Amino acid sequence: MLDTSKSVESVAHNKSSDGLSRLKVSRRAVISLAAASLTGCRRSSRRGPIEIVYWTGWSGHELDVQRNLVAKFNRTHPHIRVVMLSQFGNSGYEKVRIAFAGGSTPDVMSTVWADELAAYAMRDVLRPLDSYLKSSHRDVTKEYMPGIARMITIGGRVFGLTVSSSTNFIAFNRAIFEECGLDPDHPPVSIEQLDSAARKCTAYDSSGNFIRYGFRPADLSMWVYPFGGSWYDEQTGTITANSPQNVSALKWMASYAQQYNMRQMQAFSTTFGSSSTPNGPFYVGKTAMESTGEWERAFVKRYAPQLKWGWFSLPYPAGGRQRATTLDGSIFVIPAACKHPDEAWEFLNWMTSHDAVKTFCWSIKNVPPLLSVSRDPLFQSDPLFRFTIPIQQGPAAFGPPPLVTWTMLKSAIGRAEDSVMLGGEDPVRVLNRLQDESVRQLRRTMEELHP
Amino acid sequence: MNTSMKSKRDTLNGVLFASPWILGFLTFVAYPLLASLYYSFCSYDAISPPHFIGLENYRIMLTQDSLFWKSLWNTLYMAVFGLPVSLAAALGIAILLNQRIRGIAIYRTIYFLPSITPVVASSVLWMWLLNPQVGLINTSLKGLGMTNPPDWLSDPAWAKPALILMGLWAVGGGMVIYLASLQDVPVSLLEAASLDGAGTWAKFRHVTVPSISPVILFNLIMGLIGTFQYFTQAYVMTNGGPQDATMFYALHLFNRAFQDFEMGYASAMAWFLFVITLICAIAVFRTSARWVYYAGESS
Amino acid sequence: MTLNTAAFRGGSKRITAASIIRLLMTHLVLIAIGLLFALPFYWLVSTALKPDSQIFAMPPVWIPHPVIWSNYPKALHYIPFALYTWNTVKICMYTVVGTVISCSLAAYSLARIPWRGRNLVFATLIVSMILPGQVTMIPTFAIFKWLGWIGTILPLTAPAFMGNAFYIFLLRQFFMTIPRELSEAARIDGCGEFAVYWRIVLPLAKPALVTVGLFTFIGSWNDFLGPLLYLNDERTYTLSMGLQRFVSQHGAEWAMLMAASTVMTLPIIVIFFLAQRTFIEGVTLTGIKG
């Protein structure tokens, strides 16, 4: 019973004033009664190690690696016992949002997606890590790649740490390049070269259906960066959805919709809602190029071990940005309602240390966000990492904008893209509308947060 | 025994027996109903306390949220096109199964099973069946000579019909209720109709349908409510896509509430839905006087 | 084709050539449509037995070759299957017991006890059936948050003990059909109201209770939104949550997903088959008349 009533108190400490709490019903009585009758009592021994709950979003092999790391931490830190629970799957990240809304969060979680960090941080449901970092003599601006350090800092405070990162690049099929008269050792650099390669690699059957297509541009939220665009200007605090660069990025994407049958292309490429199946178009030679990330290596190994493939960074137009990438991924955070923040920090500090990051990133073949690990010979000996690490460290690596409404804006971007690519709408009009709507939404949400 | 004492005791017992539900109604229906009405006039993110903003949510909903209208249209599409088809299919199958022949239990089980299959499992299964390239449905259609079968869930024009098709597979719930009511159709009436020279269709039209019309009404109302709350299939299979073709009202509402933390706005949407449901239900009841016959009312 | 039962129910037992042909035709139609209903299940089961290469093969492979049984143990290990099953069963048990008790009590009150205000309560009950769940979802979530129940199974089980309008309605309709004389006789023997409910009405209402119990069980077994909202500790997850975990951002583990779906559907099939007779009887007798 002890444990139950204790958790009740901590819930009461949360700011859960729903108007209801003014009622004089004894909440504790209701809960204890129900808890006793339905769930039984949980026992906790006072002298044992302090138990902290950690939510992870990784699955499969990556989950196993996490499990080993946690086991190692528990072995070496007898005063703390980390219980790892996984929240992976389609609804995993949804559950995290609901947990925040419901005030029932664990002590540490790596299930916050970079896109959501600002929304949580600005709603004060995360614990800022600055004082912990300072007491542990850590400085994110010196340890992390610059883009990553910017990404985890919201309003001047650090709200999360990362252990892995991935890069946007384009994978291409070497055999198809050779067959179509392209030099696989000199893949496209500019947008024009990409367009011409895509044209050359596209083939139709006698009735005009695709046998193979060259390239399908998708994800406007990413493509604005090589075009020199962005979504948000942090200096002026304005959304820049319809900037000229963004418009030219969407116009470029729309040029594919004019040349090719997008719907057919999409049906071709998104079998089962995802390209990562053995008959994903890239693995069976139905597309020459595919926009992807470091994870591609594992998929090729699993689905098309014979495939000869190469990579090149996102092509850019004249005046655009070379070697651009977006940054995202899972972020480790300590929720504000954490019951054992010191122990949570000890765990988080250990998980984001050089050795743990090195083990984790190498096992799952992700880019290490820590500069010291990225310089490690282990990673420098790998050709793909030698290619992607400089992109990650470069000036054109962009994390999600620190906007409280970013997830909403991002899904609106996706819809805007669809209405151009599949609905044939005009890019300028669509982006102007997006700009208006997202500015309104941002103003509304900001008013809610600071009424 | 004293009558007033008995009536007092009856009242006490009546309230006592019904008290769990009365308590449940107050806690989980009456209070939430009023609370959500209040939230609908607030901006509320479930993390900080709600604060009153008047009709703002309703104004944005009706004038600025294009997805609101889209989701409303998608939901009405299901109600107008999907619901009648599935009601008719359920009745047809119920009639087919209402026979005393060997093995009927097995048939009934097979026909009923899809409706009790976990929605998550059946959604996943149908994503597979509906796959444009390797799905069973398109493979069969191609086998039957169709050269260009639809892309189903990846085509905005076919995504809703695909979900209706999947719904047809799971008509068992309505079917069972029809089946039960068919067993109550007075045999004497059917025999009398036969003697009068009525054919199968005439008997169906003039005897069976009137006798089961209350059940048709029941299934219609329940189906309408179910359609307005259509959620899990879209959440699991399409998450609203392609091009918002399966962004249904309940899904949009859920996303606004639990993805965007716009609980106040979602409450406004919920109340709007409640009003629409109420209007539809009243409209159906109004017209029902013309086509629903209650036994004992007249013959 | 015969569309009506009367021919078989009241018709003569004499076997004629015509009746045999008609019987055959009936079976043929039932089998043909039955195949359409069963085919997706076959696909579910057979996909679970295929190797990756055949799952995605074009044209589709009808009979798995070789049969890969290992997808089952793999799926059962990928997620803590036994634990999820136990969690689901536990929630189902609470909801079934809670629903049957609370609904039959309320239905008894509405059907068998003449009390003032009864009609008002019944009318309220009918209207509340129309209320979309979305309207109450957010405040209900807030109530459970206030109680500190989020992350426990209580939000999924406790409301069951407070009745369900639809089932109360079904049971009330059924209780109305039980002859008054029975309870009067019991009362003369000195039975109180509860004894009449418990010893006379409940035993007679078995088919209706089984029906309500079965509906509740299925609803609870298949519930997705409830666990999605209220469970966030994987140690309390249910099967429908578990299934979601085979689907991730970078695709799904299809064979395992199908295997797990099969295993999740199986208990429902068995229970329905066993309860089929009582169930249909229950639905019939509850006489839903709008």
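Observations, loosely collected:
For clarity, chains are labelled A, B and C in written order, and residue numbers in each chain start from 1.
Assume a residue touches a chain if its C-beta (ideal position, glycine included) is under 8 Å from a C-beta of that chain, and two chains touch if they have at least 3 such contacts.
Because the structure is predicted, anything quoted here is derived from the model rather than measured.
Judged by the touch criterion defined above, the protein chains are all mutually in contact, each touching every other.
Between A-B and A-C, more C-beta contact pairs join the chains of A-C. Greatest centre-to-centre distance from subunit B is found for A, with centres as Cα means. Subunit B and subunit C have centres, each the mean of its CA atoms, that are 16 Å apart. Distance from the subunit A centre to the subunit B centre is 37 Å, each centre being the mean of its Cα atoms. Per-chain Cα centroids separate subunit A from subunit C by 39 Å.
In subunit C, the residues that reach two or more other chains under the touch definition are 56, 58, 141-143, 145, 229, 244, 247, 252, 254. Residue numbers of subunit B whose C-beta contacts span two or more other chains: 35, 46, 128, 133-134, 236, 258, 263.
Annotation for subunit A: residues 18, 90, 94, 98, 101-102, 271-273, 279 touch two or more other chains. Per the touch definition, subunit A reaches subunit B in the complex via residues 15, 17-19, 90, 94, 97-98, 100-102, 119, 123-125, 263, 266-268, 270-273, 279, 407-408, 415, 418-419, 422-423, 437, 440, 444, 447-449, 451. On subunit B, the positions that touch subunit A within their shared complex are 35, 38, 43, 45-51, 60, 64, 67, 127-128, 131-134, 151, 154-156, 236, 241-244, 258-261, 263. Touching subunit A in their complex are the following residues of subunit C: 52-53, 56, 58, 94, 141-154, 157-158, 228-230, 232-235, 241, 244-252, 254.
Taken in their complex, subunit B has these residues touching subunit C: 7, 10-11, 13-18, 20-25, 27-29, 31-33, 35-36, 39, 46, 93, 95-101, 103, 105, 107-114, 116-122, 124-126, 128-129, 133-134, 136, 139, 169, 176-177, 179-185, 187, 190-191, 194, 200, 203-204, 208, 214-215, 217-218, 221, 225, 228-229, 231-232, 235-236, 250, 253-254, 257-258, 263, 266-267, 269-271, 273-274, 277-278, 281, 292, 294-295.
Contact residues on subunit C toward subunit B in their complex (touch as defined above): 2-6, 8-10, 23, 26-27, 29-30, 33-34, 37-41, 43-44, 47, 56-60, 101-103, 105-106, 108-110, 113-118, 121, 124-125, 128-143, 145, 159, 161-163, 165, 168, 193, 197, 218, 221-222, 224-225, 229, 239-240, 243-244, 247, 252, 254, 257-258, 261, 264-265, 268-269, 272-273, 276-277, 279-280, 283-284, 286-290.
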